[in-house]
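By letter and in written order, the chains are A, B, C and D; residue numbering begins at 1 in each of them.
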Amino acid sequence: MEVLHEGLGELVGWHDPDENREFVLHNKSRALKDKTMTASEAVARFVKNGDFIASGGFGHIRVSMNIIYEIIRQHKHNLTMAGKTAVHDLDLLVGNGCVDKVEVAYSFGHEVRGLSPAGRRMVESGKCKVIGETSNAGYQWRFLAGMMGLPFIPSRNLLGTDTGKYSSCKVVTDPFSGKPINLIPAAYPDVAFIHVHRCDIYGNCQIDGIMVEDFELARCARKLIITTEEIIDNEIIRREPWRTNIPFYVVDAVIEQPYGSHPCEMHGKYFFDEEHMAEWLSLSKTDEGVRQYSDKYIFGVKDFDEYLEACGGLKKIAFLQKREAMRVPLVTPWRK
Amino acid sequence: MANNQTARYNMREFLAYTGSNLLEDGKSVFVGTGLPMIAGMLAQKTHAPNLLIIFEAGGVGPILPELPISVGQALTCYRGIAATSMHDVMSSCQAGFIDYGFLGGAQVDKYGNINTTCIGDHDLPKARLPGSGGANDIASFAHKTIIIVGGQSKRTFVNKVDFLTTPGYLSGPGAREKAGLPSKTGPYRVITQLAVYGFDEKTSGMKLISLHPGVTIEEVRDNSSFDILIPNKYAVSLEPTDRDLEILRKDIDPTGMLIGK
Amino acid sequence: MEVLHEGLGELVGWHDPDENREFVLHNKSRALKDKTMTASEAVARFVKNGDFIASGGFGHIRVSMNIIYEIIRQHKHNLTMAGKTAVHDLDLLVGNGCVDKVEVAYSFGHEVRGLSPAGRRMVESGKCKVIGETSNAGYQWRFLAGMMGLPFIPSRNLLGTDTGKYSSCKVVTDPFSGKPINLIPAAYPDVAFIHVHRCDIYGNCQIDGIMVEDFELARCARKLIITTEEIIDNEIIRREPWRTNIPFYVVDAVIEQPYGSHPCEMHGKYFFDEEHMAEWLSLSKTDEGVRQYSDKYIFGVKDFDEYLEACGGLKKIAFLQKREAMRVPLVTPWRK
Amino acid sequence: MANNQTARYNMREFLAYTGSNLLEDGKSVFVGTGLPMIAGMLAQKTHAPNLLIIFEAGGVGPILPELPISVGQALTCYRGIAATSMHDVMSSCQAGFIDYGFLGGAQVDKYGNINTTCIGDHDLPKARLPGSGGANDIASFAHKTIIIVGGQSKRTFVNKVDFLTTPGYLSGPGAREKAGLPSKTGPYRVITQLAVYGFDEKTSGMKLISLHPGVTIEEVRDNSSFDILIPNKYAVSLEPTDRDLEILRKDIDPTGMLIGK
């Protein structure tokens, strides 16, 4: 298969499909067993320094923030992160020195809230390396290839651009159409964390609203940590099996953490905490500010429940619930 | 934009309005964060009630009750016709179901190539920007791509983008097809604070379509590093009605988050 | 891209992705419009002699039988059918001379009920040609490639076998792993018909239970006819948009036909009509028997409602509903 | 099978029982229509309550209240852990999540290659059979494939299958890997009315694992066109208990649709 162009990006998280099948065979259990544990246990057991990690949800939506804070609390380091519209999660991890390599689809920005002071500072000073570029669909299809146990998925994006040139894709001639086609390599993150609306103790998960990339990400991640707003009985899963978006046999850990996506949004449950985002965006303009933030919200609390108290506790949560229901107006305190 | 108009509307309101005008009822548009979203909402609330708005994270066909902050939040499928996945909507886009892709750009060249990745060297950039996001995908797949560049200047209309994040006509006529991109796609319009541009069929170079009221050809030329084709015939861009402005200010962005106050 | 092996099967239903995009651009409407019509109108308008057709559901499950009977009633012919676990639908169409070419994944059988006398007779006498072989996943991924607007999807099945040799796949060397990999060509059926539990007048559909291949098939078919147990208001679709499995913009026609899958099963609604299946399996042993069946159930009735009456009407339906709920025991009258 | 046992159970009951014995608790099995399904159900109701049964059309992990007629009917996700799609389950299978594939076969050769496509010439066959269905996929992807051939004879145990529908070890050692099939996969056991067979590690040829009670080596040899390896040591297949037979007859197949009456 003649390669016309080959991307310069580092081929991170790729494995020969046979090698990955071997991993699945020996490490992913097909037995129904109780996987509940604490975030602290899950991160200690499943996140290793140097790992390639990926976060579920999208941008500031349905992100397993409780795992992100725990990774920082445990001082994990030399992590490479999938920048698949990774924003606040990535910004905290880069700012705190946990992640020093990123493959970027969309990173170092907070959408309409502006760019990330912390992430940009780390990249522009060389402390965090961008090891490759891709696009959102590019990442999506890296996960699709992984879920399918394939070496690659063809695509018609990324072609002709520097994004493609700095990616880990290869361009070949399609033997059916005779036209050039892009081949996107599979990604098998060492560990992924996905926050869901509800799941049982085995890890059968239901997600409300859009799935984003989580259907595929859940199935390609080598280790998968699920955090959930609530744990439900297996009988509820079995009553409506068509609502199961993630089956237990791809899940390694289940952590019950209400409001576990804060300060990010949770579809139908609670809105972005824009005050908290503004505080981070303001503090993170300096390394000292990042330290202040982390001392207050990560190292200064023993777990995510205490963090939630520090963020305003029940009163704040009640406000965010009302905001999600559009019963109170939007606030945008990060505006200058 | 003409100073004598600033009393009635600001530049971002004008950009959103101009964008909305390009969208047709009964067609589909893939919108990015920010002004493209506002333009889509305004079109839906005025001349294009059945504009099918699609968001890259999986929200399809919502009836938007307020302006989303993100292309992934719950609102993007609020009273939608489907709440699905990135794989689904990106696949539909690749398969040709999307009429308009609507993007913002930091740097653009005369072929409509966009940079949103970095200023300076890639590996140690002067300024790191967010990267492609869904932009490379949308501009590769949509039948027509519309680009909003809020501040046209010699710094944003450049001879060569520092990093070619998102494909315009690449190096010129035929280059997209040669690279393997879907045929008959590419940038359709570029909207700035000064004018609306299209692309010349022969050269694929940027050309003037309409000047905003009160803007001169000289201003257009002075605010670009590359030569913009000025045809003999060009129009003056339409202005928003008071009703359009009221919808923008009261219904779409009451906090002024994106259009300012 | 060097091709190691090339299948001998006819490449049916494939189009250059650019050519198909052009078709989509001009023929698939993105406008919300009322698409309701009768089965007779839909078949007359959308099914052309010589077309490559595909049926939704799986085997005897959730099949748009009302469209199948209408195709026979309108004497459509020279059709090629996707044999993607196509059983009763295909058997009737082949037996009645409408379909004379099949690409086979699973065809000419009725699972535990035995082989198809009609379908086999037509193939073994040369009246119906098998133009290619593939597998169930092979077809599934032909539809996936089509849905994605790609020329092919790679896979690790079909390799080394006659099934692969008689398929339309190509085998190349994967540039990432260096191992041989199969490339499955996209399929874009000229027309597909899918029976759903409910949809609105625009074609936004909800399916209960398993999706089988219909997510992808709906999105790759050039023309898509939806038949539905009931039409619901668009407001109901919008209340739970995450339940929409097929969006309106891939749909060309909507036909409301309660019990439209009979004698096949409809998840949670009604069971297989085993008596009817037994009658077909017995009659279809001869060409004369096929004629008798068709005279009675297709040409002898004016539409599907009359067909249902001929099959036993309300009393039969009530029995099949009870059987689906496992309130009455299974009958297997096709057993010798 | 020994005639002196026919009073207690019939051949199909024995096949189903023998199949169920090969399945382990806490593992996953992809089952085809017919006896494989019964074997899976019996395992679930006896020694393997947490056997994860997966059906190719999308039913995952059901607790089966009665025997499905088809691998796609509603029952296949009855009280299941997921009701999903063929793409999902076939992808999981390709990615290595399936321990056992469980298939029926019409013709088998010594390498466990299966024919379910046609007898005679492909283009104008003497007998047309249904084709691969999911069998090629399952035998390509599952870590271990189990095959039930109800009637072992010189006609079903052949030197060369008329059509190689579903891969066994193809032409012998190393051939699967050379063809590009996932490594360390292939047929694990073949169950017939006479015996249970495995495959020799060196030659990939079929070899005897256990004889059913009362069956002789001569019967095994007389009912095969190819040489079956007979090791010095082989076992006698276990027999179902009365409880197993009661479950098969009363709970699983009360109409005798598949196991007979």
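Throughout what follows, a contact is a pair of C-beta atoms (placed from the backbone, for glycine too) under 8 Å apart; a residue touches a chain by one contact, two chains touch by 3 or more.
This structure is a prediction, so every number in the text was calculated from the model and none was measured.
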{"item": "Rounded Å distance between subunit A and subunit B, as computed from the means of their C-alpha atoms", "value": "28"}
{"item": "Centre distance in Å when subunit A and subunit C are each reduced to the mean of their C-alpha atoms", "value": "38"}
{"item": "Where subunit B touches two or more other chains at once, by residue number", "value": "77, 83-84, 94, 141, 182"}
{"item": "Where subunit A touches two or more other chains, by residue", "value": "17-18, 149-150, 155-156, 179, 181, 209-210, 215, 242"}
{"item": "Graph class of chain-chain contacts, one of line, ring, star, complete, other", "value": "other"}
{"item": "Which chain pairs touch, all of them", "value": "A-B, A-C, A-D, B-C, C-D"}
{"item": "Residue numbers on subunit C that touch subunit D, as the complex places them", "value": "57-61, 83, 85, 104-109, 111-113, 115, 119-120, 123-124, 126, 129-130, 133-138, 140-141, 144, 155-163, 166, 171, 179-182, 209-216, 265, 267-268, 272, 324, 326, 329-332, 335"}
{"item": "Residues of subunit A defined as touching subunit D within the complex", "value": "17-18, 20-25, 28-32, 146-150, 202, 204, 215, 219-220, 234, 237-239, 241-242, 244, 247-250"}
{"item": "Residue numbers on subunit D that touch subunit A, as the complex places them", "value": "25-28, 50, 52, 60-63, 77, 79-84, 88, 91-92, 94-97, 99, 141, 143, 182-184"}
{"item": "Subunit C-facing residues of subunit D, complex", "value": "33-34, 56-59, 65-66, 69-74, 76-77, 83-87, 90, 93-94, 113, 117, 122-137, 140-141, 163-167, 170, 175-176, 178-182, 254-255, 257-258"}
{"item": "Touching residues (chain side subunit C, partner subunit A) in the complex", "value": "1-3, 14, 16-18, 149-156, 170, 172-177, 179, 181, 183, 185, 208-210, 242"}
